[in-house]
Amino acid sequence: MRTMTSEEAMTEGLAEEMRRDAAVLTFGEGTATKGYKLVGEFGPHRVRNTPLAEGIIAGTAAGAAATGLRPVIDLLFAPFMTFAMEELVNSAGKLRYISGGQFSFPLVTISRTGAGWAVGGQHNHNVEAWFVHAPGLKVVMPSTPADFKGLMKSAIRDDNPVIFFADIGLLHTPGEVPEGEYVVPIGKAAVRREGSDVTLISYAKTVQRCLDAAGVLAERGVSAEVIDLRSLKPIDEETILASVKKTGRAVVVHEASLTGGVGAEVAAIVAQKAFGALKAPVMRVAGPDAPPPASYPLEQAFVPSVERIVEAASLTN
Amino acid sequence: MTTMELAVDRSVTEALESMLLIRTFEEKSAALQAAGQSPTMCTSVGQEASAVGVIRALGANDLILTNHRSAGHLLARGADPGKIMAEIQGKATGYCGGKSGSLHISAKELGVVLTSTIVGGELSLVTGVGLSLQMSGTDGIAAVFFGDGAATEGIFHESVNLATVWNLPILYVCENNQWQAFVHRKETMLTDHISEWAKGYGIESRTVDGNDVEAVYAAAREAVEYIRKTGKPYFLETYTYRLRGHMEPDDQAYVDKNELASWKTKDPIGAYEAKLLDRGAVTRDELDAMRERATQTVERAAKFAAESPYPSFDQLTADVYA
Amino acid sequence: MRTMTSEEAMTEGLAEEMRRDAAVLTFGEGTATKGYKLVGEFGPHRVRNTPLAEGIIAGTAAGAAATGLRPVIDLLFAPFMTFAMEELVNSAGKLRYISGGQFSFPLVTISRTGAGWAVGGQHNHNVEAWFVHAPGLKVVMPSTPADFKGLMKSAIRDDNPVIFFADIGLLHTPGEVPEGEYVVPIGKAAVRREGSDVTLISYAKTVQRCLDAAGVLAERGVSAEVIDLRSLKPIDEETILASVKKTGRAVVVHEASLTGGVGAEVAAIVAQKAFGALKAPVMRVAGPDAPPPASYPLEQAFVPSVERIVEAASLTN
Amino acid sequence: MTTMELAVDRSVTEALESMLLIRTFEEKSAALQAAGQSPTMCTSVGQEASAVGVIRALGANDLILTNHRSAGHLLARGADPGKIMAEIQGKATGYCGGKSGSLHISAKELGVVLTSTIVGGELSLVTGVGLSLQMSGTDGIAAVFFGDGAATEGIFHESVNLATVWNLPILYVCENNQWQAFVHRKETMLTDHISEWAKGYGIESRTVDGNDVEAVYAAAREAVEYIRKTGKPYFLETYTYRLRGHMEPDDQAYVDKNELASWKTKDPIGAYEAKLLDRGAVTRDELDAMRERATQTVERAAKFAAESPYPSFDQLTADVYA
């Protein structure tokens, strides 16, 4: 199979959807500059640079979505979304419900986060849990180039606002991406490795760390199953619960800060709905409750390590 | 009387009737609130000329965005008073099935797309509506109503600037009613006119006496024509005054008595009635008949709302996702 | 003991701290209009109306806090905080850490949320979980007039940004408030009722519902302990765990939407750290994943009812 | 030579030396980045006159807020180049212990309070700093540096309006360098001058040639005096150009070659050297000596940074709370 980076895969997904549907357009700070190839193919009206103003970028997307377009907006880095919370949460997320179903908001936001570029806590801040806890939104955060493409396509086709997080640490790593039409459904997790003793549940860059941890655990005779959530809202309860009911043990892993992270939701689901099967405490391995530091070694230390995952999995035994 | 005069004549009385309907509707809503028969709502008493003058200048395919103080805009656009009243009361028969309540009523069927009670929300959304219109290639325009308070939100700056840079077909209607909830406009800006701010962006702009329905209508007509011709946005400030409190009930204890009294003499309805009587365009009897019709309409609306059921409990989780 | 409403208690706490410390000042949209008595006592410089602009209100508070003042800002309703996320999260929450500890941000934000006024989803939206999942912030949400006062005083004295949520449904209910100096420490939960069979963990308006549920359960021979978290960050793990280790059963209750709510964090803590003591699934009873509707009966139905709490507690048996 | 002339003379060469230090420092940083020995950073090459001219007009007790493009402001204020370089590299000896990196360096000891890399963050914070100064009753002022891009964020509108309404002692310094990362300013606004926007608020404002250090200094002096005398804010736009890319490395493929070339002829350092040589205020030998001193200083800084340790791992969770 051909390989490409996640960045390329995401762009390919966007370009294919723009080809398929004239209602799709994309804009953001530098979107046309960086996407000059898209400008070439789709013209300057469908690929636009904007002023430096996240609020109006998101608001424009919401207003356009409610009246027939399908905007894909690039908000650059996740912490900049703080300037667009009103438009994403109060408008895109709620106005369908508030209006009694009169409008829908088919839009996609892209933003980057996570360790990798040592850019510090105002560029790197994993806030996916906020959007999981906001009504009317969907949230995805892929870990492979194929999923970057397949989820981007699904996100664009979805009639609801989809918040698409790109893990900085994954953007430039190449991986296999199927040729032709390739769509990954929102709401469906992937079992990346099968196992029978413990379930490691993760998403984005820490999926690979879970896989590495599973390798280490295998050497110690522990068979770990690894689940890549991919979609954080809706979350694939079925896959999570089926696995934990089988293994009886769960470790949830993510880079976002521990307290109030998506891992809490996963742990809570497991503790309620797979309780009978649980043989051990539900463990969480996550970033500390601190902003990610810029200093490279510290930034790396922010991310759950293979050792910490192995240790947590061992504690469940 | 020539046909032309007749047309003007009808338009004139329609504008007055529209204003009377709004006033009657809102005073009834407030009375119901005071009587414990309705939740709270904001009224636009004193600002009817702004709503009616602008909305009558719009075409049937033009789109409207409004805010928390929207009953006037909706009624001027021909909304069903019963469905508004029902919505205010959270009834299933309201425009939004009771989920909006008074604060974020939209009515797609009337082209009132998107209403937000987040002050400034309408300004963030209108650029997207304008973009849709621009991309669709029609000559439709989007009119957005917002207050002087909304103009102090950062999103005002972002919205007007983007609309200007992208040439979006938007009519910005800033209803400068001198109040931002419990704060007087003068405490929040040095300028008297929001149109002064608009100038910096390079958008065509103008302030009009918001209590003179004919002046508002004329200005809005000009603005709408400009937008249709050029595809560019236009900024219209209607300078007016909020005669009642911010939200029912409100004793207006914080309002300067002299200021309020002076603006009461400029009540857009009283002023217009006097003008029309003076011109001989209406008679006292016709006026009485109009008021009576408004009262009847509003009483029917109140009855409809009162008799309407609340939404069923399955509505609690309906329409979250498309 | 004297009684007053939560609203009055909160204002009394603020006034006392303004008397005690000249660095404390308060501003917001209508703060001076509504707080004319405070203006009378402390003057127009320390009690200010602002333009209608939440971003700059919060930013001004952060900048002032870093340079010697102790601002208390009123952001009115919780959904309006979406316009102030940048300033609260990226500045107040992170700039201490990012600057290597050079600055601190002693500020308090007040905002209202929750069912009670039938004002719909853009005025009523319980977003406390967002701030729990943001570094450098503290979050409180009291349930009694005494705690409104005591936590307001602690929040003002704290050298960190404290996000103070006022439950609309509680604001005008009177309750006892001790005379004189009365401070409630941040980070300490209150056991509102002791019990031995199940622990009901809640905060804000649903605490009373838990107490009512405990009454119903008692009639059925089930002894429920009720914990009022009061502080959501830091959260009082000790009190939670001590109780669950005793009862072996936990039900977490809040008005905020279920998915990603504070209840997920509590459940996760319990599932990891009290696992050995657990006799039953950890249950959550929360608002639906929808915006709160304006329609009064629906708005009321959004809030966990006594029946639902009783039912969940019964499922743990 | 009179004492007065001497003083001017020294100030003149100090300004030049300060600009040379900034240029040398930033080019070294960029070179280290290119060599894989430093993380990325933004440079202010071409904008040195703005930083030096403004900062030299400030008093020792005045406070400064800056942004992602801050090395010039820090160095002009007398910051230790070694501590900046160390911070850029995430070392424990940097101004923020390595936690900031290049993008949000503040240095309380120099009065550089609060730096945010969120574009517009500095604008939201400065009103609070101004409020503290106002409440303290001193005559200190807060100077805030931000770009033309920051001016398109809504928070710009909120900040300038609040400062004007509350009479906060703030010097707004808008460094209009024609670029907002990869977007040309012209794509984001119809006006050429942000000071046009400022006018609407009623704030005193002015645009100055940002590549002429003496003009910037004179304008900033006037502004600072105005603020101290009136207690009111002042808006100063320094019109300049970003000669390097947005962030290292950047091939500037998207930049119009002619525009870039034309601004290169207006390089603030080259222009000032020529002017001073022409005036006889410096000799070529003195210039060479200055450059040599700058190079020495920067090499020492680079060595210091390179030899400095990374922060210890316990720093990961230190200083989250006070």
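As written, the chain order gives the labels A, B, C and D, with residue 1 at the start of each chain.
Following the convention adopted for this analysis, contacts are C-beta pairs under 8 Å (C-beta built on N, C-alpha and C of every residue); 3 or more make two chains touch, one makes a residue touch a chain.
Computed from a predicted model, the values in this text were never measured in an experiment.
Participant: For chain C and chain D, which third chains touch each of them?
Facilitator: Common neighbours, chain C/chain D: A, B.
Participant: Among the chains here, which has the CA centroid at the largest distance from chain A's centroid?
Facilitator: Relative to chain A, the chain with the farthest C-alpha centre is B.
Participant: Approximately how many whole Å separate the CA-defined centres of chain A and chain D?
Facilitator: Here chain A and chain D have centroids separated by 37 Å.
Participant: Just curious, how far off is chain C from chain A if you go by their C-alpha centres, in Å?
Facilitator: Roughly 29 Å, centre to centre.
Participant: Quick one: report the Å distance separating chain A from chain B, using the average Cα coordinate of each chain.
Facilitator: 41
Participant: Which residues does chain B have that touch at least 2 chains other than itself?
Facilitator: If we look for residues of chain B contacting two or more partner chains, we find 98-100, 104, 116, 118, 120-121, 152-155, 158, 161, 165, 187-189, 320.
Participant: By the touch rule stated above, which residues of chain C touch at least two different other chains?
Facilitator: 50-51, 53, 55-56, 79, 82-83, 86, 90, 97-98, 120-122, 135-136, 289-291, 293-294, in rising order.
Participant: With chains as vertices joined when they touch, what's the shape: line, ring, star, complete or other?
Facilitator: complete
Participant: Can you list the residues on chain B that touch chain D in the complex?
Facilitator: 152-158, 161, 164-165, 187-191, 196-197, 199-202
Participant: In the complex formed with chain D, which residues of chain C make contact?
Facilitator: Those residues of chain C that touch chain D are 25, 45, 48, 50-51, 53, 55-56, 58-69, 71, 86-87, 90-91, 95-106, 135-136, 138, 159-160.
Participant: Given the complex with chain A, which residues does chain B contribute to the contact?
Facilitator: 63, 65, 94-100, 104, 106-108, 113-116, 118, 120-121, 123-133, 135-136, 154-155, 158-159, 161-162, 165-166, 318-322
Participant: Show me the residue ranges of chain B that touch chain C in the complex, using the header's touch definition.
Facilitator: It is residues 39-40, 90-91, 98-104, 116-121, 149-150, 152-155, 180-183, 187-189, 254, 310-311, 313, 315-317, 320 of chain B that touch chain C.
Participant: Would you mind writing out the residues of chain A in touch with chain D in their complex?
Facilitator: 29-30, 33-34, 36, 49-56, 79-80, 82-83, 117-123, 288-291, 293-299, 301-302
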